[in-house]
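Working notes, structure below.
First chain written, first letter: the chains are A, B, C and D, and each begins at residue 1.
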Amino acid sequence: MQSPFPFVPEQASNFAANVDILFSFILLTCLFFAVLITALATFAAFKYRRVHPNEVGAPIHGNMALEIGWTGIPLLIALGMFAWGAVLYVNFRTAPKDTLDINVIGKQWMWRLQQPNGRREINELHVPLNRNVKLILGSEDVIHNFYVPAFRVKMDVVPGRYNTLWFRPTKIGKYRLFCSQYCGTNHAVMTGWVTVMDPADYATWLSGEVGEVNPAAAGEKLFTQLACVTCHLSNGTGRGPSLNGVYAAKVLLADGSIVVADDGYIRESILEPKAKIVAGFQPVMPTFQGLVTEEQIMNLTAYIKTLQSQPVPPKGAGVAPASTGKK
Amino acid sequence: MSENEHTNHIVQPGTYTAIILTLLTLTALTVAAAYVNLGPFNIVVALAIATIKATLVVLFFMHAKFVPRRTQLIIISGVFWLIILLFMTLSDYVTRVDYRGVRFPISQNFSAGLPPRA
Amino acid sequence: MSTTATAPVQTLPEHHYLNATYGIRSWLLTTDHKRIALLYLASVTFFFFIGGFFAMMIRLHLMTPNGLLLSADTYNRMFTMHGVTMIFFFLIPSIPAVLGNFLIPLMVGAKDLAFPRVNLLSWYIYIIGGCFTLYSMIAGGLDTGWTFYTPFSTVYSNSAVAPAVLGVFITGFSSILTGLNFLVTVHTMRAPGMTWFRLPIFVWSHYATSVVMILGTPVIAITLGLAAMERVFGLGFFNPAMGGDPILFQHLFWFYSHPAVYIMILPAMGVVSELIPTFARKQIFGYGFVAAASLAIAVIGFLVWAHHMFVTGQSTYAALAFSLLTFVVAIPSAIKVFNWTATLFGGSISFDTPMLYAFGFIGLFIVGGLTGLFLGCLGVDMHVHDTYFVVAHFHYIMVGGAVMGYLGGMHFWWPKITGRMYPEWIARIAALILFVGFNLTFFPQFVLGYLGMPRRYHVYPPEFQVYNVMSTAGASILAVGYLLPMIYLTWAAFYGKVAGPNPWPATGLEWRTPSPPPTENFEVTPVVTWEPYDFHHRPDLGLEGGAPQGPAVAPAHGDD
Amino acid sequence: MHRTGALYGQFKTLEQQKDTATLGMWIFLVTEIMFFGGIMLAYTINRHTYFPAFAMGSNTLSLFLGGTNTVVLLASSFTMAMGVWSAQVGKKQLLTIFLSLTLVLGFVFLGIKYIEYAQKFHHHLVPGRNFDITYCVNNPARCDDLSPSELEVEREELAKALNADPALNSHAQLYYSAYFGMTGLHALHMIIGAGLLLWLLKESLAGRFDAQYNNPVDIIGLYWHFVDIVWIYLFPLLYLIDRHK
């Protein structure tokens, strides 16, 4: 949307146009009534304004025909709106048979998705154009909500059960993904992108990796993509320790031992985060086993190396002297 | 206070005694019924007996049989609203279908995580 | 005041409820419903400004996409405490506990409410609940959202959930006792001749409100009680880790919290139903329908709660049933709006401040009510649910509707409460500022919502900024609009022009006693011989229509 | 509010006052119905979903203690009703006697409830970290209040239930959540009722109630009977889920 005052998001799924048409119908009906009443009230307010201070109004008590009319007609219109909306909703809740099933796990505060062939993504979803896609939604902690405005669909992600959400992307592009059920501190950051691709491109994407030139730059990108950044805040206030100045430093662990944060430790921390917990932090980090390739771990390590010279936040808990911990 | 006696029916001890004896009998009956396997009807019988007992208490111990219509209406509306709460909520539960087509009660050995791949 | 028909020089009565006794004790131990109403007035105003402060912080923060001044956690605490304060401690008690408390005994011609000591107790319960909630704000704040959704609130949140929940739980009983008191008062305390169909619509609305209060509030009490026990003792009904169901919490929560919206809006509708006939000098159009619509809203309002849960994964069938009923509940509200509009026709309309609020109410309530149709419509809700569209919708209802009604009622009855008049022109300007500020604040949020901006976001994508800036600008105008009445009404209570018993004039029984009224409300028990809002058989009002031969003793009849 | 004798100032007649107070109490009882309704709903859904766990939990309760309590509470309702009658016909001494009896029966109920609660604490059957549905079966020495035959029955039931529901331990906690939630709320109402009865007793000893003015006895009686009704439902719902084995 290029206009500075957009009012409709892009239409990129089979539902989008239908929702917009239904919305417009309700909008026009409501506008009609709103304008009608406003006009009548304004007209009456001026026509019957008080001229003499002691006058009173006409002795009118009511009118049965009018009452029945303005009860019945709006009721019929409302039932029409209901029926139209119901048809759309039943369609939305009833997924077709031939779907591409994608698993989605919501977790404070990231989305973990898995394609049918096992390829995993974080906060990104790639789907082919014109293919029915069904998301199977599960949550690891609290209630989240998977919402793509351009598709006009959303569904809660409720712990303890799976919900489903289906759509058919109809336009190639990159669309915003939101969590729209409040889920805690970084609810607003639990966002991402849905990329609709040409089926051929999707197939290529599904089978291959995209090479990165500069390991540190690739690592920095991954650090954001994998949502590491939501916990490992550089100022030390996150749920995970700040990584500034960690590389090659000594780290105090929860069990009292001290390790040196070398490449091996970083790799272990990514793949088996619960093995060595930094003192003062909870074992909340999920494993990235299967999510990242060896090459990507190397890139991440390269990025963490570049943070060696960054200022260490003062309140780094669990830090061996002169260094900040991490896990 | 002749007017008072006119509107306030005094329930006599004889009635109270008859009611408490009925209540005790029904209590014995509900315990006895619980030991008979009636399948899904055990709960129905238990609730039916409890409702009879509650009705007796309301009508006689609480004099609802003798109070103005207005008060009776209030009692009934209270019960009616309870039924709205229970039944409209249950209307969701009994028609829920989870994505594998399993009806309520939802699958019991759910464990958080990804569903198994076919 | 522009049309004062009685003698030009008015004096306050020698004895009235405000000067009956003096000292802090005489207020804190009073059982006079009028004084308790003023206690409530002071306390809800206090909470309103606390809630308003949170609102300002939210709007300021959202000026820029990355947030201007708060951290994520602080922002979450701000919007949560804004919601909790405004809903449980301002909106729900505002009109019923202040205006309703003050006026219902006067309107039905009683010396007091049925249970004056219970009335005082309900204020103390409210204050105790408020203290717990204030304590939670100091002790780490609350970040669950006012909806307290589990399992976030019971397991994951590390803010002070328990005291806040306890505070809301306690305050619920204040609401129950108020509702109970109103119901019994309307049933048993009416003056001779005050038949059901001579009751002002204000009383009908409060009757309907009370029904909602006594039937709904206990359910939220037990629900929050269970949630608190789940957090503290580890009960498991709402905890999926133990096999509980978080959606059950939502069912129970909305069973009350949706009808609670009607606790907020019905009394405001009652106020407007008083203002329009008074300032149009004309009987309300379709009295019976307006009264019945209140009850219909209260009853059907209980059958729609799960429309807050269309995208939680409740069953499709249940969603269909609840959506259908949602469209049905829109009808009684529409009936009211149509009847108000029809009342204007053939009237003699003045534009005193209360009437401006009534017009403002109608305008904003139309927008708020009609946007409810979008949300109740299943096909649209799946897009706009939990976005700013919802935020805008309920602010139009609760602020545009309930608060406009509350302020309109305040201006209308302020001369009755204090015996003095407020400065008319400042009041008209304040009403205008409120209307403009309100629309500028909340209308852009509809667009934001349709564009897909989810609610409760402390940062947002840059393409949403322009509407957020508009909204923040509107909020600052709105803040001025709220401060003005606060200042001049307080001033008027002490220094305003003496108003006299019936300055407008209006037809209700409350205007047949001095302003401010004596402690026992009426010197002699009034006998009602006229129909509601009848300006034609009321020579005591000093208007042209008052038939000179005296009030016609109309027979009490059963229907409109 | 100023009062002349038994009449409060806001009322015109004693009859209006009585009518008002009775109506007020009935409306309050309606809110109580809704109050218990919420937890009933939670109970219903969970019982339906996790029947084996609820059956298992129910069978760990003592039918003897629960049944005795039902009889005690029904009897107290009877004595309360008789108290109301005594007041209505102006028998002041009889009123005092019946009120005392009601109060004593109320305390007997609470005493038995205490015994039951203590037993559940002892057997690690309170929801929370220490909850262990298998505790008694695995530590028979710690549960010496259960006879070997009772333990044997429990062992069999446990085996069956675990077979039907592997997550029995967490779902049984839902049963105990319902049990403690419902009976706890009920007991709280009993305690409030006992307080009200104490006040009635004091007033009755002072001879305040007669055939004209007995409204407090009447409306506190209503409350007491309501608490009885709640128990009438709780007893089969909690104690008699699955006794036919």
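We adopt the following convention: a residue touches a chain if its C-beta (ideal position, glycine included) is under 8 Å from a C-beta of that chain, and two chains touch if they have at least 3 such contacts.
Quick caveat: nothing in here was measured; it's all calculated off a predicted structure.
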{"item": "More contacts between chains, B-C or A-C", "value": "A-C"}
{"item": "By mean Cα position, the chain sitting nearest the middle", "value": "C"}
{"item": "Geometric centre distance via CA averages, chain C-chain B, whole Å", "value": "35"}
{"item": "Inter-centroid spacing, chain D versus chain B (mean Cα positions, whole Å)", "value": "15"}
{"item": "Chain A and chain D: spacing of chain centres that average the CA atoms, whole Å", "value": "47"}
{"item": "Shared-contact residues (touching 2 or more other chains) in chain A", "value": "159-161, 163"}
{"item": "Shared interface positions of chain B, touching two or more other chains", "value": "70, 77-78, 81, 85, 89, 93, 106, 108, 112"}
{"item": "Chain C, residues touching no fewer than two other chains", "value": "187, 215, 219, 240-241, 243-245, 247-248, 251-252, 255, 313, 316"}
{"item": "Chain D-touching residues of chain C, taken from the complex the two chains share", "value": "31, 110-118, 176, 180-181, 183-184, 187-189, 214-219, 221-223, 226, 229, 233-237, 241-245, 248, 251-252, 255, 520, 525"}
{"item": "Touching residues (chain side chain B, partner chain D) in the complex", "value": "1, 3-4, 7-8, 10-13, 16-17, 19-20, 23-24, 27, 30-31, 34-38, 42-43, 46-47, 49-50, 53-54, 57-58, 60-62, 67-68, 70-71, 74-75, 77-79, 81-82, 85-86, 89-90, 93, 104-106, 108-109"}
{"item": "Chain A residues within the chain C interface of the complex", "value": "1, 4-9, 15, 18-19, 22-23, 26-27, 30, 33-34, 37-38, 40-41, 44-45, 48-63, 66-67, 70-71, 74-75, 78-79, 81-82, 84-90, 92-94, 108, 141-143, 145, 147, 149-150, 152-156, 158-161, 163, 176, 178-189, 191"}
{"item": "Partner chain B, residues of chain D touching it in the complex", "value": "14-15, 18-19, 22-23, 26-27, 29-30, 33-34, 37-38, 40-41, 44-45, 48-51, 63, 67, 70-71, 74-75, 77-78, 80-82, 85, 88-89, 165-167, 171, 211-212, 221-222, 225-226, 228-229, 232-233, 235-237, 240-244"}
{"item": "Residues of chain C that touch chain A when the two form their complex", "value": "2-3, 5, 72-73, 76, 143, 145, 149, 151-152, 155-157, 240-241, 243-247, 280-283, 285-289, 310-313, 316, 319-320, 323-324, 327-328, 330-331, 334-335, 337-339, 341-342, 344-351, 359, 362-363, 366-367, 370-371, 373-374, 376-383, 385-387, 447, 450-452, 454-461, 463, 466-467, 535-536, 542-545, 560"}
